[in-house]
Amino acid sequence: MNTKIIKSNNKKYLTIFIVISAVGIDILISLLMGYWSYSWLPIQASEAANYVDNLFAFETTIGTFIFLGCTGTMAWILIFNRAPKYDESNGQPLEGNVKLEVIWTIIPLILVLAIATYATKVNYKLENLGSKTKYNFGQEAPFIEEKKPFDFGPIDVISRQWNWEFIYPNGIHSSELHLPVNKRINFRLITDDVIHSFYIPAFRLKQDIIPGSVITYSLTPTRKGVFRLRDAMFSGAYFSQNQTNVIVESEDVFNKWINETVKKELQNGLNPAGRLYDKRLKNGNRGWATVEPAPAPKVQDVGLEDRPHDG
Amino acid sequence: MLSDNESPTINHIPGHVKHDGHNMTGFIIFLCSESIIFFAFFVGYGILKVTAPVWYPEGIDGIAVKEPLINTVILVSSSFVIYFAEKSLHKKNLWGFRFIWFITMLMGSYFVYGQYIEWSELSFSLQSGVFGGMFYLLTGFHGLHVITGILLMGLMLYRSFLPNNYKGGEMGVESVSLFWHFVDVIWIILFVLIYLWQ
Amino acid sequence: MTIINYDQRLVTSKNPYPKGPNDWKRFFSFNTDAKVIGIQYIVTALFFLLLGGLLGMLVRGELITPPSDLFDPTVYNGLYTMHGTVMLFLFLFPMLSGLTNLLVPPMIGAPDMAFPKLNALAFWLVPVFSIILLLSFFVPGGPASSGWWSYPPISIQNPLGKMINGEMLWITAISLSGISSIMGAVNFVTTIIRMRAPGMGFFKMPIFIWTVLAAQLLQLLGLPALTGGAIMLFFDLSFGTSFFRIEGGGDPVLFQHFFWFYSHPAVYVMVLPVFGIFSELFPVYARKPLFGYKFVAVASFGITILSLVVWVHHMFYTGTPMWMRNLFMFTTMLIAVPTGVKVFAWIATLWGGNLRLSTPMLFCLGGLFNFIFGGITGVMLATVPVDIHVGNTYFVVAHFHYIIFNTIAFGIFAGIYHWFPKFTGRMFYEGLGKVHFALTFVGATLNWLPLHWAGLLGMPRRVASYDPEFAIWNVIASIGAFILGVASIPFILNMVSSWVRGKAAPPNPWKAIGLEWLLPSPPPHENFEDDIPTVLNEPYCYGLDKPFVQDEQFYIDKSFKKH
């Protein structure tokens, strides 16, 4: 009798020990994954990046915990609950447990609400998107004043099939986007044809550019360097060529660039799609149909197509 | 749904499920689904009307309401007429049913004719901007439903001359009548959206 | 003895539909038997899985190196568009219609579907729109190449200006596919609501039936919105209207609303029956009752309702106002709750079971494993700030392939293996099945796990060429894709040789509970024919000493008799 109690007590302690150590290991790995998750993302180069990465790390931690919890349980079952060959008997006939069901309804509910609340706060903190104003396409895109404060701008971002053009307040046309570091910069996003997306991975920011609308947008670069700007909304044949560079510089270098570039002559800017299309025409125009690429923009700063980039 | 009173003994009766018994259920499910297409168009209409920078095509600042209103009255009242047709069939008054049913068909046909007249007198086309497209899409898609309804009514009228056709029930007539009410309700919403909300 | 407990609808009448030929020819005829139609659907779908897989491998072949060197980028765009379209509309939807056709009537004790002719018509539309879609490879200018989203204005640019073009054929095919799906949905819902066996109340239905009902209601509610959008897109493309064309004041974003209002729930239309398959198979192979049957059943409808109000999460960066983004983030997050209920219930079903790791169970376990992963990345994508970074990158591609292939296709394979003996009357080869599983799991993991990192680093989706820093992830992914291609060989071998010369299958090889397992293998033309069983309990009472139907032994004996 006595030994039985001790035995069952021993088993109970063993179970508790296993559960606690499993949860402990799960927490440890989850925290580690959360910590590692920062290294999966590009360099942090804007104000938004830190917030996004923290949120992502938070989600990675919680996600890893749940994933390992579930799959660890599955692994345990696979190891210890396999039926021997020719054994076709039934398992424990558990039909359900309302208490457990309520628990695993409520806990995920609280978790996702917590994540969503956190994300909402980040949204209000960043507030990159200004306004979206429709206009009669074919007319000049109207000038929309940004109500929120900013330090520099607005820079017109003009996207086309398939090149980018940036027009600065003082009239500079450029193929690359030069920005001063640590200043909140305002943009007017405009497209001449289809939907494009203004996506700079190092900034963790993306905004679609909708035909027939002017979208105002603000962001703050926080790190000097060269970053890729990629069109992220499929825009046709040479979509993958629709990329350029963002060059974030100190204010002095930026001002110098502004002052020198404004004096330069206009010439053809970056237009890799046009070059590829010419090659295709030369080779007999094989392939499926595409619209013709827009001509290269006339710019003062042509930029460099294969500029080494930091992110 | 099935009755839950189960008796402990089992009765094995030879027989098959009679397939025809589910037509009405299926038809109602289909109509609910069909109404979502119209709903999508209506929502699209509303959104475009509120947000489009240009709404009416150049040279137009609205459309006439008077003739469509007459059309509307005729279509809506045909919904009441078809109800009486169905009622006379219930009362086994086959000739009464045929007559009133035929009147409904005439009213529907007048509506289509009225639509045709309206279309031919309009000064804008399908390609005239977003309003032109929406106007012809909505009225045209609804008109197709009206024509379908009239054809279905014709089929039912024809079937009423087959001997003993309505002995087993009036599923077909009920379905067509339901379809006609559906077409009517859609038109009322459409009329409010296009003609009254200018 | 009175006959009051019998359903009024089960009246004596001659079967109004002729049985048709009973040999292989029936699979090529306008046959109205749901079981024949089911097999027609499944075989057609598997053929298109091969085709879609081939297109996918071509896409991965292009992406194995950074520059666009294998094809012209226009060809690449057409290939990936057709890969997505074939996989969704020619493989997944027909495949699930097929499984639904096979399983619904036997599982609820009905002789056939409610509208057998409509059912056959819905199937025969599949070859029609498939041919229309595939013809688009041969029209001038090539097939549609604006992605399966077909967003305007890119989709209505029509570079050659011809009336018949790839995009036009694409819209036609998709609309026909929608009509076919609506026909199927009307049929399935009517059948489930009206033709259940006596005693089978809603809370005695198999979970698969619950999930089919939830999924098909979603089709009925959502699909017409896409049809509406497709009609308008067709007019814009072919008749010069301007619903989505900015030149006439239209709004391209409106199409995105129409599209996602259906196409997000469409994922649930596909995943719900797979949840049903998981819920059917785990109890069988773990020899345990399904944990929390009622919660699992109701959770299906929780998913249905929520999935109708989440579509804007595909448009977090299209200029959607802040309040709307936050609102849809919350609704999207909430879907994790009913889904979590299901996942936890499955794990609890496995817990303490007596697991048999046969091929169907392996696919189920693999599918569940992948689904937990894909679900978690789904929650990440639902949060606005993270989505703004990873949206439209390979992270999304990886996430949805984790759902659509690593979960849904795994569940489909599990279902095919599990019910193969029932509907063909032959056993499959377990060894080949396990090889198929191993290759599929390794290939799928290699293919889509690495792409998460490519996306996190900022590689946009749908690109024909990319910066060299993404090369490593893409090389691994391409190798995985080719392994997946190899995985189809043991599967095809297994299916064909088992069907032709496999061992004859007993009525209930897995010792499973369920009405379909009380039928002979393969079931006769009208399933239970004149003896429809009266259901007493839900079909998951393993080890519970609760009878499943009245006179169970009668049906078991009958199922062994040759027909």
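We call the chains A, B and C, going by the order they appear; numbering starts again at 1 in every chain.
One rule holds in what follows: a residue touches a chain if its C-beta (ideal position, glycine included) is under 8 Å from a C-beta of that chain, and two chains touch if they have at least 3 such contacts.
It should be emphasised that the depicted structure is a prediction, and the values quoted were computed from it without experimental measurement.
Can you name the chain whose C-alpha mean lies closest to the mean of all the C-alpha atoms?
Central chain is C.
If you average the Cα atoms per chain, which one ends up farthest from subunit A?
Chain centre farthest from subunit A's centre: B.
Can you work out the whole-Å distance between the CA centroids of subunit B and subunit C?
About 33 Å, centre to centre.
I'd like the Å distance between the centres of subunit A and subunit B, where a centre is the mean of that chain's Cα atoms.
Chain centres of subunit A and subunit B, defined by C-alpha means, are spaced 48 Å apart.
State, to the nearest whole Å, the distance from the C-alpha centre of subunit A to the C-alpha centre of subunit C.
29
Which residue numbers or ranges of subunit B touch two or more of the other chains?
In subunit B, 51-54 touch at least two other chains.
Which positions in subunit C touch two or more other chains at once?
In subunit C, 249-251 touch at least two other chains.
Of all the residues in subunit A, which ones touch at least 2 other chains?
Residues 134, 136, 212.
Which bits of subunit C are touching subunit B when the two form their complex?
So the residues of subunit C touching subunit B come out as 1-7, 9-17, 110-112, 114-116, 118, 182, 185-187, 189-191, 193-196, 198-201, 220-225, 227-229, 231-232, 235, 239-243, 248-251, 254, 257-258, 261, 526, 529-531, 533-534, 536, 550-551, 554.
Quick one: which bits of subunit C touch subunit A in the complex? Just the residue numbers, please.
Within the complex, subunit C contacts subunit A at residues 68, 71-75, 77-78, 140-143, 145-147, 151, 153-154, 157, 159-160, 165-166, 246-247, 249-253, 286-289, 291-295, 317-319, 321-322, 325-326, 329-330, 333-334, 336-337, 340-341, 343-345, 347-348, 350-357, 365, 368-369, 372-373, 376-377, 379-380, 382-386, 388-389, 391-393, 453, 456-458, 460-467, 511, 541-544.
Of all residues in subunit B, which touch subunit C in the complex?
1-23, 25-26, 29-30, 32-37, 39-41, 44, 47-48, 51-55, 126-134, 137, 141
If you look only at subunit A, which of its residues touch subunit B in the complex?
134-136, 212
Would you pull the subunit B residues touching subunit A in the complex into a rising list?
51-54
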